[in-house]
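There's a structure below that I have some questions on.
Letters are used for the chains, namely A, B, C, D, E and F, taken in the order the chains are written, and counting of residues starts over at 1 for each.
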Amino acid sequence: MVDVSQYNGKFHLASEPAPHVLLLEFNRFWMELEDIINRVSGNSDIRVIVVGSRLAKFFTAGLDVTQPSVLAAGNDLDAARRALAIRGHLTHFQRAISTLELCTQPVICAMHGFSLGLAIDLSSACDIRLCSEDAKFGIMEVKVGLAADIGTLQRFPKIVGSGSKARELALTGREFNAAEAKEIGFVSEVVPGSRKEVLEAAIKMADVIAKNSPIAVVSTKHLMNHARDHSVQEGLDYTAAWNQAMLQSEDTIASMKARLAKKTPVYKPIGAKL
Amino acid sequence: MVDVSQYNGKFHLASEPAPHVLLLEFNRFWMELEDIINRVSGNSDIRVIVVGSRLAKFFTAGLDVTQPSVLAAGNDLDAARRALAIRGHLTHFQRAISTLELCTQPVICAMHGFSLGLAIDLSSACDIRLCSEDAKFGIMEVKVGLAADIGTLQRFPKIVGSGSKARELALTGREFNAAEAKEIGFVSEVVPGSRKEVLEAAIKMADVIAKNSPIAVVSTKHLMNHARDHSVQEGLDYTAAWNQAMLQSEDTIASMKARLAKKTPVYKPIGAKL
Amino acid sequence: MVDVSQYNGKFHLASEPAPHVLLLEFNRFWMELEDIINRVSGNSDIRVIVVGSRLAKFFTAGLDVTQPSVLAAGNDLDAARRALAIRGHLTHFQRAISTLELCTQPVICAMHGFSLGLAIDLSSACDIRLCSEDAKFGIMEVKVGLAADIGTLQRFPKIVGSGSKARELALTGREFNAAEAKEIGFVSEVVPGSRKEVLEAAIKMADVIAKNSPIAVVSTKHLMNHARDHSVQEGLDYTAAWNQAMLQSEDTIASMKARLAKKTPVYKPIGAKL
Amino acid sequence: MVDVSQYNGKFHLASEPAPHVLLLEFNRFWMELEDIINRVSGNSDIRVIVVGSRLAKFFTAGLDVTQPSVLAAGNDLDAARRALAIRGHLTHFQRAISTLELCTQPVICAMHGFSLGLAIDLSSACDIRLCSEDAKFGIMEVKVGLAADIGTLQRFPKIVGSGSKARELALTGREFNAAEAKEIGFVSEVVPGSRKEVLEAAIKMADVIAKNSPIAVVSTKHLMNHARDHSVQEGLDYTAAWNQAMLQSEDTIASMKARLAKKTPVYKPIGAKL
Amino acid sequence: MVDVSQYNGKFHLASEPAPHVLLLEFNRFWMELEDIINRVSGNSDIRVIVVGSRLAKFFTAGLDVTQPSVLAAGNDLDAARRALAIRGHLTHFQRAISTLELCTQPVICAMHGFSLGLAIDLSSACDIRLCSEDAKFGIMEVKVGLAADIGTLQRFPKIVGSGSKARELALTGREFNAAEAKEIGFVSEVVPGSRKEVLEAAIKMADVIAKNSPIAVVSTKHLMNHARDHSVQEGLDYTAAWNQAMLQSEDTIASMKARLAKKTPVYKPIGAKL
Amino acid sequence: MVDVSQYNGKFHLASEPAPHVLLLEFNRFWMELEDIINRVSGNSDIRVIVVGSRLAKFFTAGLDVTQPSVLAAGNDLDAARRALAIRGHLTHFQRAISTLELCTQPVICAMHGFSLGLAIDLSSACDIRLCSEDAKFGIMEVKVGLAADIGTLQRFPKIVGSGSKARELALTGREFNAAEAKEIGFVSEVVPGSRKEVLEAAIKMADVIAKNSPIAVVSTKHLMNHARDHSVQEGLDYTAAWNQAMLQSEDTIASMKARLAKKTPVYKPIGAKL
């Protein structure tokens, strides 16, 4: 059992619904996110993270209004100095969202209700997305006077299978539902029901992953991140450099032995943060 | 009202079917395209472009046969010098098609009838594609002795959601219909009816985009072009550099005020060409 | 008629089911693959390759167990030297798989039965994939203690239309069937029946491609490989450099003349290996 | 003889001091530059361009003050819209400077007197730089409140052989002389004397280049531009695609025949713009 | 006056030898480095950093031996898990060194005595290097059984002007002196004398930079970092996005006014961390 | 002692002038090169390669005239098919030259006499170049009607410290001598004397490298090749993946123990080919 209490926060609740699976339920995302995910990233007893929402109708309530606003940054400065102040906030937000992508463990995002703006940035930085049939989505930034700048425009089009739809949704800002999210490949699955059901489905999927070899799982996430941003040949080269060490793990033998003995293999934790 | 008469041409008709929306209906594409789109690109009163065809059965009639042919270029020269002459034509055509991608405003392509060869190059360089249910498509070049060289092989596979289908269609040259175009994500939507109906749908979508913040819209298109061709991290870096200025626009406040007053926000034009 | 007997091997059978189409049916893939494909790559009389399996239930039987194992490489060395020994095997396997991608001719993969691990690496390096309705797939490596390292993590996510599904399948290692393979765009088509029927469908498609201009076909494959790994502008630049020579072929004229004469055009072989 | 009068302008003088060599002497650079170089780029009778200054003490007098200033652009707009207006000017200036790099023919820059700010941007976009012993240089932008933005920061460090000096000169804005310019590799040669002598040396070098095969010369410039911005392997791939056509020129045979006959080879013009 | 006492540490001393110039003198580098530089990076009152050594004979004493060693990491784990533990240390060290490159202000490295291994990693991540005539250098890693892995192999060859020398020095591990360091462009200048004199020269150079526009200086460093790692065109695009905001600073006007009034311009701090 | 007789060939002589150092002296380079270097690459008993010439006046005699010429390839085909035939030769030559860059061991090139055309391609693909004082160099291709296409235009400018000189030499085709080769950084050192003396100097340098840790040496070459073609951050990432295995070698301990015992460390061979 992992001591998950260390990951509780003012705006979210941590639990371990299955062995080595950390469930983080937020009622307001954001400023704590970078710190929590960074700390979880170094905890090898946690092998998969599920991110969900505690709110009834929204996946996230938007930015914490008690935080200083990006838009108000450097109001009294010349436009160049104000730009640098704004950029400081932006890159901080970008870095926070990117912790989900860069953290050691895979992250499954269980979505229900409305997912607008920030919720798309955040879920696009997760590895897998599931949603309930009542989910609604929107890349709303264009409707409030700005271009999405903390990841949606970078990650969303590389996730979904239609360049035409990706641009249509980002340029119109229109709402789309669970079925359309599935059709374009944004979510892996639409789960009948709502918050409770999608969380259960995500935990079940997390449990499958948590039972696989930790060396294999963290390497697979790490190498898929690399592959997305490089040519096939560069990806192969990096993989060879990576796996020349990883193939020396005990997990392959542990897996084979368990298979022969018709048991579930037991793997050691990896003991490090990627 | 925009004075659209300046965008009329020998082979196409310009109109403004909705505020800030320019409709360009062609009966023969091509040599005028680069010049018109470049000029429109600098006109901030136009916020969205819809491109359609005036022909009954074809989306475009192919290259203007009165133009000198790429294939005949430099016929009397040695093969190296002839190659340079051919390349001159090719890069000119590539540049013309790319104006659709690089122009400031989003471009929606409303397709009906047959879209073969050039029509795929051209529509792939637009942001969004809609088609009517009678539309038929084909990457035909392979059937006439050449590899598509003005953009289809670069853009089409990055738009559609199946690498297998992209190669099958480009290597066989076979026809595919509206339903298949939708299934692979090439078009956002199949509109019941034909030319008239798909134009109406495109204008309606353009109208939605034209009502959004111009700063947000042009930034979104610009940043999505950048994101497609770079790693996620490079895209985030560029976005931070870009939005450190763009977040100083009046559009966010205009949007919020309008929302509170339950009015449609009115935005100023951007006043420049990207 | 091509003399296909030169491509027979201990573990596979070569035939020419349609003019200029080489069918390679394996009952065990691997160590001969690199050599055969390299030799076929230089044979201009072969214009399309179809790869299938002779086994009843599996697409491939996995690695040849008589071969020295990657995992046993350098067992007696320090971990650094062992890593280099392992890497030697890995890069050799990667290179073998990549011959399918780099070979001159398009490769169609006709899949039936179970395609696990290696079969996904191999088929992902082909241009087009078809499967029969009984086909089952799995990126199983994560279940046996390692991250896939001979191409799946690089190529599979660039083929399919859902980043969410690509990661789900690679991280869970779960089986997926023909319908899901089609839905995510991994295969172009699901053929009713099994081994026999999918081979027939693949040969029929190969025949269509083999009748197209060889200059157009090899250029299309070559340019699509390039386009996948570069920005749109770099792809256009390379295409202009490439086609400045290719547009000087006789195939365009041959194609036009045949069209006017209502005959099937006859094209000369290209006479070289890419 | 080339009719060089077509390249005369309000601020510069064109002449042909050696066969196929165009000398452009400016007394004020800039707004005409893009147009002239673009036109010269398409004139195959010109094989090398020498760029010099008609001023006694300065290589260039800086921006034409009758032109609208970048800094004043969009003064009355919000900071975002003003940014777009400024960017429009910047990218226009960048494009003008880049014509020197992208034009078909090699450009030799003959420098004397003071070369500050703009003069460094401009000369860095040329292929070869010579200077007279009285030449002085300075990357002055940092002293007038801005970072150099029309090419110096991109090109200068890739020309010179010391990353330490490149940053020192750009961050301090200090003057450096001809000897130091030679030592760091910015110029190929320091010519004793001043304006007259460096022009003579540049023309002499241009004459050598103009006597070489035009196919070889334009290809060499084009491929070196490509190589600078790509990996070695990508450069080799592009070169193979390029030279598969270029090696079919008559120039190799013309060169060999002339060599055997102990004559100077005579080459045909290339007839196209790159 | 900056309160520099906040930057003092167990192993180094902070002072302000000239206005807005922070001098950090180390007698042992390393574990504190990342934290200090990160904190300085956000202090706009500091405009240039000079890094020097307090030791008499060495520029740095090597890794802090009280710290856990990379080489001992994960000694009791299988080779794969040990690899991940080692990698954790490596990436931490890399990130620490990279703070010098990424920090807002330019960093001048004043080198005397022996600079071996770590000292080359560290100084290569600074913007400018000066050394005294008694300085000696060596890329020694190859002599102690490992390839340099915290930056030397990446940065050193991009700084110096000879690929042949860069490889010779890294492969032989031989010592080289001040004159050779200057000849290959590793240092900007060799200062007669030793520790005291090179510090004075560095402070003088820092003072020049600190008097330039802060907007111009931080932008120049930031854009040169970007330019080194991208193509010229990508660098120009990023610069245009960056400077569309930066050209709206007050510094250009402040600079012009001061120039007319024959006074030293006074610039406001930038107020943010890049 | 290595059995070097296996590396003798029709056109060159192999010897082992120092332990683990292979000297290859050619009197005609080329067609055997790829095969020999590939075989040496897998021989861990050889730790450094020195390449020299047995000819009195030339470093290499140019292409083997008994080989089919690139220029004559496909003379009877249409220009497109001929292009593919030419390209086949080109990429074969490129691959042969690149074996020097990609082979496991560092390669030192000892140059005397005339090094023209091919000799520059070949030596640029080596890690280190030394020359005797009588050496003369020339990038002559431009004088015989073609652009250098087997590596000079890609590698030479990334080796030397002056972009101006690199372009001048490639565009004029003029001869340059040993002193200039040293000044621009093409060679590390000019050795008084001729063939004999430069070979001695190269062997001495090779001996120093051969005494260093083999893990460190092969990793250093491999990582410097990678670093040249990637951004600094990508190079660091790859290095961390690489060294997480390499730091588990016995060489660090062997080195430390030998140092304490004041003995020369003895390292095991690496046992694999990179």
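As a working rule, a contact is a pair of C-beta atoms (placed from the backbone, for glycine too) under 8 Å apart; a residue touches a chain by one contact, two chains touch by 3 or more.
In UniProt terms the chains read A, B, C, D, E, F = Delta(3,5)-Delta(2,4)-dienoyl-CoA isomerase.
A quick note: this is a predicted structure, and the numbers were derived from the prediction, not measured.
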{"item": "Intersection of contact partners for chain C and chain F", "value": "A, B, D, E"}
{"item": "Copy-to-copy rotation for chain D and chain F - C-alpha atoms, rounded to a multiple of 5°", "value": "120"}
{"item": "Interface numbering overlap (same over half, different under half) for chain B and chain C", "value": "different"}
{"item": "Interchain centroid distance [CA atoms averaged], chain A/chain F, Å", "value": "46"}
{"item": "Distance from chain E to chain A - Cα centre to Cα centre, in angstrom", "value": "35"}
{"item": "Approximate Å spacing (C-alpha centroids) for the pair chain E, chain F", "value": "33"}
{"item": "Sequence positions of chain F contacting 2 or more other chains", "value": "79, 82-84, 87, 158, 160-162, 184-185, 215, 228, 241-242, 244-249, 251"}
{"item": "Arrangement of touching chains [line / ring / star / complete / other]", "value": "complete"}
{"item": "Contact footprint of chain D on chain B as seen in their complex", "value": "74, 77-81, 83-85, 87-88, 215, 218, 245-251, 268, 270-274"}
{"item": "Interfacial residue positions of chain A with respect to chain F in the complex", "value": "237-238, 241-242, 244-245, 248"}
{"item": "In the complex with chain D, residue positions of chain E that touch it", "value": "106, 127-129, 158-162, 184-188, 205, 208-209, 212-213, 215-217, 219-221, 223-224, 227-228, 231-233, 235-236, 239-249, 251-256, 265, 267"}
{"item": "Touch list for chain B against partner chain C, complex", "value": "70-71, 79, 82-84, 86-87, 90-91, 94, 98, 101, 141-151, 153-155, 157-158, 160-168, 170-174, 184-185, 228-230"}
{"item": "Footprint of chain E on chain C - complex, ascending", "value": "79, 82-83"}
